[in-house]
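Each structure below appears as structure tokens.
Common to both upcoming complexes is subunit A, partnered first by subunit B, then by subunit C.
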Partner chain A sequence: MRLELRRAVVEGLVFGPATGLDGGLLTVDADEALRCLEGISLTKMRLEIARPGESVRIIPVKDVIEPRCKVEGPGEVFPGFIGDVETVGEGATLVLDGAAVVTCAPVVGFQEGFIDMCGPGADYTPFSKTKNLVLIAEPEEGLEKHAYEGALRMAGLRLAHYLAKACASVAPDRTETYELPPLAGRNSDLPRFVYIYMLQSQGLLHDTYLYGVDVKKILPTLIHPNEVLDGAVASGNCVSACDKNTTYHHLNNPVIAELYRRHGVDLDFLGVIVTNENVVLVDKKRSSSYTAKLASMIGADMAIVTEEGYGNPDTDLVMNCAKLERRGIRTVLVTDEAAGADGASQGLADAVSEATAVVSAGNVNAIVVVPPMDRVLGWPESIATLSGGNESSLRPDGSIETEIQAIIGSTNELGFSAIGSRWV
Partner chain B sequence: MTKRVVHYVNQFFAGQGGEESAHLEPVTVEGALGPGLQLQTLLGDEAQVVATVWCGDNHFAENLESTRREVLRRIASFEPDLVIAGPAFNAGRYGMACGEVCRSVTEELNIPALTGLYPENPGVEIYSRDIYIVPVADSARGMKVALQTMGALAAKLLNGELQGTAEEEGYLSRGRRKNFFFAENGAVRAVEMALAKFHGQPFKTEFEMPVFDRVPPAPALKDLKGATIALVNSGGVVPMGNPDRIEVSSASHFGRYSLESLEDLTAQAFESVHGGYDRTYVNDDPDRVVPLDALRALEKEGVFGRLYEYYFSTVGTGTPVKNCSRFGTEIAGQLKADGVDAVILTST
Partner chain C sequence: MVKEIERAGFPVVHIATIVPISLTVGANRIVPGVAIPHPLGNPDLPAEEEFALRRSLVERAFRALTTDVTEQTVFND
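After this line comes the complex of A and B, so read on.
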């Protein structure tokens, strides 16, 4: 399976009469862009722009999506949501590199988060560095919460696809090729790596989709990393902002990027096993056993295991670890920690002695104070009900004191950011 | 301005003899003494060892509280910016004295204090969460290196420059996790660690697995007929309006609410404030998390004795285990005191 990512770099983002990319400047026709959202059960939809360094806060943020579309090969990005469900990961895909669609709506109590485009909060989120087209919307009256989440998810994916599609004819600034040979016939002497991709599936608005299928209903399954690059995995979840994998994180999965970078150099990248994080023990047992079996069947020596969320899925994380290790597949886990504001509490809800190699993605409870911003997009008072915030978080001057878990992507457990916790 | 340092040592390092002088009471000497002379050289012009307080190890150990207060009083009179104690290497009584002096200075004078102990010195386990302890050798043969490390940490503490991890700064961890930004992202670090693990090369996990306090369930009740049963939940069900302001995540406290004369938790009078799940269904009918209706029915049928007149509630999501342990201890204490025989714990 061979995929080209054709990257067109976005240096600037403005509104204008026609959507297109020219000389690094992405122009968006807001009226036309909003027309692609017709039929979606949202009201009062409007678009705003937030650029790196500007004094802007976006709150509460539901998802962030990188604009991509297929330009060659079968299927369309975000299969199951955009276009059909044809297998993706082959041909060529256009990436508007440096741009992002951010969805923002009063999704109170759903564990959303915020993005600051400058100041100390900006250090904690990757989306302070992207040129953001922000969709601000409200649900239609009486819209049930799950339908509301679905509408917002669909709106973000459609907008991202629309932007890329409108720029489909631009010449890319650089092209990257992603290709792995079939498993049969590989005769590499290098250690064989599999990536265990745990997806949030606790339900009650904690859902993730694979080809449009709710992953809490799947058995763990083997997929090609290129499928992820084409949006086969889409976020539909409202877990804590700090460690929810936005769709942007999935599209730019850093573990896949690193395993590809070192493939054929010092490791042999076998593929990706997608698994879930269901709430009941029987599902956890079934999925972890099945995951370890799949990894064993394809002959893995090493597994990188990433978690999404904290607390309940810590159990899935350590069950995966123990079962892989017992089959002789050595593991490295990536997780964050809930160590308390003072950092003195134990950070995981479950543990096994086999977990000897763990990368920390940071302490979600660490406190940060972010200053007031000149422009606030959305509903700043929602910090009171976001995980990490509380009723006294928003101060009269507009500054916010909160745990970093309210910041989108602050302790991402794919290892997207450079943060980590250490002993002091 | 030159910073002021007070140094604490025992009778031996004050040059007053060994075991035969271990009963001596605290003494104050102006300026540096014994190992303090070398510390002064290391600190240079930045700081001055203005006084040395010394005390016999046995006297300190046998009159702990009074000696602690007396030594603290002597130290405070010099208005220091920093206190250094020891190093005490693997000496048990001396190590405890250094730990006690440093903790008192830190907590009561609110200025930084550090000592040097061998990692297996019993003082480490007792004091390492509260004070800065530099790991040193097990005997005075390691004096030179110990003073160098302690001097370097002292200089940083005096300048308020402690930015790195415990390991980088040269002290034993105080048991707290702190966020840092590294050169490489987590994924790059993970693959690097995996390759080292595969090849049997040394690697360092970034997070050691916590050790859990596993509690075996209490034996089942033999007879429910006379039993008092209580309801406790972490699903955030509280009276409408959240009177105790329980946080939506990372709860700092729990609430206790009366069930007296209630047969059912109605959507008008109760709600969930939990920030970690979709509350549509529980807010429709709070009995889904606090099953009062079902228990009242069983109580009437005589299946069990009586329902305890209060229920306890907190929010589980993002709440540090340390807080949870405290909630559990306090709730269990109240239930025990009120003669509750069994508890139904519900989450979300």
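After this line comes the complex of A and C, so read on.
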């Protein structure tokens, strides 16, 4: 399976009469862009622009999506949502590199986060560095919350696809090729690595989709990393902002990128096992056993496991670890910690003696104060009910004191952030 | 909280869905719950069946409370 990511770099973002990319400037026809959302059960939809360095706060943020579309090969990005459900990961895909679609709406109220485009809060989120087209929307009257989430999810994916599609004829600035040979017939002496990709699937708007399928309903399954690069995994999550994987994170998974970079150099990258984090113990047992079995079947020597969220998914994480290790597969875990404001409490809710190699992406309870912004997109008062915030978080001058878990991507467990620490 | 109640001299039962976490934090009497969003019931069941399920959980918890234990014990039935 061979995939080209053709990256067209976006240096600037403005509204204008016709959507397109010219000389690094992405122009968006807002009326046409909103027309691509017709039929979606949202109202009061409007688009705003937030650029790096501007005094802008976006709150509450539901998802962030990188604009991509297929330009060669079968299927379309975000299969199951855009186009058909054809297997993706082959041919060529256009990436508007540096741009992002951000969806902003008070969908759940208690587990969304914010993005600051400047100031100390900006250091905690990668989306202060992207040129953001922000969709702000409210639900149609009577729309239930799960349907509101579904509508917003679809709106974000459609908008991201629309932007890329409108630029499909642009010559890319650089092209990356991603290719792995079939597992059969590999003749490598290098250690064989599998990536165990844990996806949030607790229900109650804590869901992730694989080819449009709710992953709480799957048995763990083997997929090619290229499928992830083409949007086979899409976020439907309204969980704690700090360590939910937005769709942008999935598309730019740094574990996959690094395993690819070192494939054939000092490791042999076998593939990706997608697994879930369900809310009943029997599912956790079944999925972790099945994951370890799959890893063993494809001959893995080493596994890297990433978690999504914290709390009870810590049990999925350490069950995966113990069962992989017992099969002789050396395992590294990537997670974060809920260790209290002073960092002195136990970081994970669960532990096993086999978990001897753990990378921490930071402490979600660390406190930060962010100053007021000139422009606030969305609903600033929602900080009172975001995970990490409280009723006194929003001060009269517009500044916010909060745990960093209210900032989108601040302790991302794929390692897609600038902060972290190492356990020994 | 379970450990503090026990430290004060009262027997205590932890009804918890994710038993491994309960074991990790050191509870001594554990009754498995149904699911994280609804540990003490199951909204998918008809009312009568759910009532029976809830009653059995409470009765199991009472039995656990009145059972002497010498090590961490999970009351599965």
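Assume the second predicted complex is superposed on the first by the 418 of 424 C-alpha atoms of A that agree within 3 Å, B and C clash if a C-alpha of one lies under 4 Å from a C-alpha of the other, contacts with A are read in each partner's own complex, and residues count from 1 in each chain.
Here is the rule we go by: contacts are C-beta pairs under 8 Å (C-beta built on N, C-alpha and C of every residue); 3 or more make two chains touch, one makes a residue touch a chain.
Note that the coordinates shown come from a computational prediction; the quantities given were computed from them, not determined experimentally.
A.B. asks: Sharing subunit A, do subunit B and subunit C clash or fit in the superposition?
C.D. replies: clash
A.B. asks: Quick one: classify A:351 as touching subunit B (first), subunit C (second), both or neither.
C.D. replies: Once the two structures are laid over each other on A, A:351 reaches both partners.
A.B. asks: Which holds for A:204: it touches subunit B only (first), subunit C only (second), both, or neither?
C.D. replies: It touches subunit B and subunit C both.
A.B. asks: According to the stated criteria, A:403 is in contact with first (subunit B), second (subunit C), both, or neither; which is it?
C.D. replies: The answer is first: A:403 touches subunit B but not subunit C.
A.B. asks: More subunit A residues touched by subunit B or by subunit C?
C.D. replies: Greater contact footprint in residues on subunit A: B.
A.B. asks: Could you say whether A:266 touches subunit B, subunit C, both of them, or neither, answering first, second, both or neither?
C.D. replies: After superposing on A, A:266 lies in contact with subunit B but is clear of subunit C.
A.B. asks: Quick one: is A:385 in contact with subunit B, with subunit C, with both, or with neither? Answer first, second, both or neither.
C.D. replies: It touches subunit B, and subunit C stays clear.
A.B. asks: Mind working out whether A:340 is in touch with subunit B, subunit C, both or neither, as first, second, both or neither?
C.D. replies: The answer is first: A:340 touches subunit B but not subunit C.
A.B. asks: Quick one: classify A:166 as touching subunit B (first), subunit C (second), both or neither.
C.D. replies: Touch partners of A:166: none, neither subunit B nor subunit C.
A.B. asks: Residue overlap on subunit A between the subunit B contact set and the subunit C contact set?
C.D. replies: In subunit A, residues 202, 204, 349-351 are touched by subunit B and also by subunit C.
A.B. asks: Under the touch definition given earlier, write down the residues of subunit A that touch subunit C in their complex.
C.D. replies: Touching subunit C from subunit A are residues 202-204, 279-281, 284, 312, 314-315, 318-319, 349-351.
A.B. asks: Enumerate the contact residues on subunit A facing subunit B in the complex.
C.D. replies: On the subunit A side, the touching residues are 109-111, 123, 144-146, 191, 193, 202, 204-206, 238, 240, 254-255, 257-259, 262, 266-267, 301-302, 304, 310-311, 330-332, 334-335, 337-353, 355-366, 384-391, 403-405, 412-424.
A.B. asks: Per the contact definition, I'd like the list of subunit C residues that touch subunit A in the complex.
C.D. replies: Per the stated touch rule, the residues are 17-21, 24, 32, 34-37.
A.B. asks: Looking at the complex, which residues from subunit B come into contact with subunit A?
C.D. replies: Going through subunit B, the ones touching subunit A are 129, 162, 165-167, 169, 173-191, 193-195, 197-199, 203, 205-212, 245, 247-250, 275-281, 316-323.
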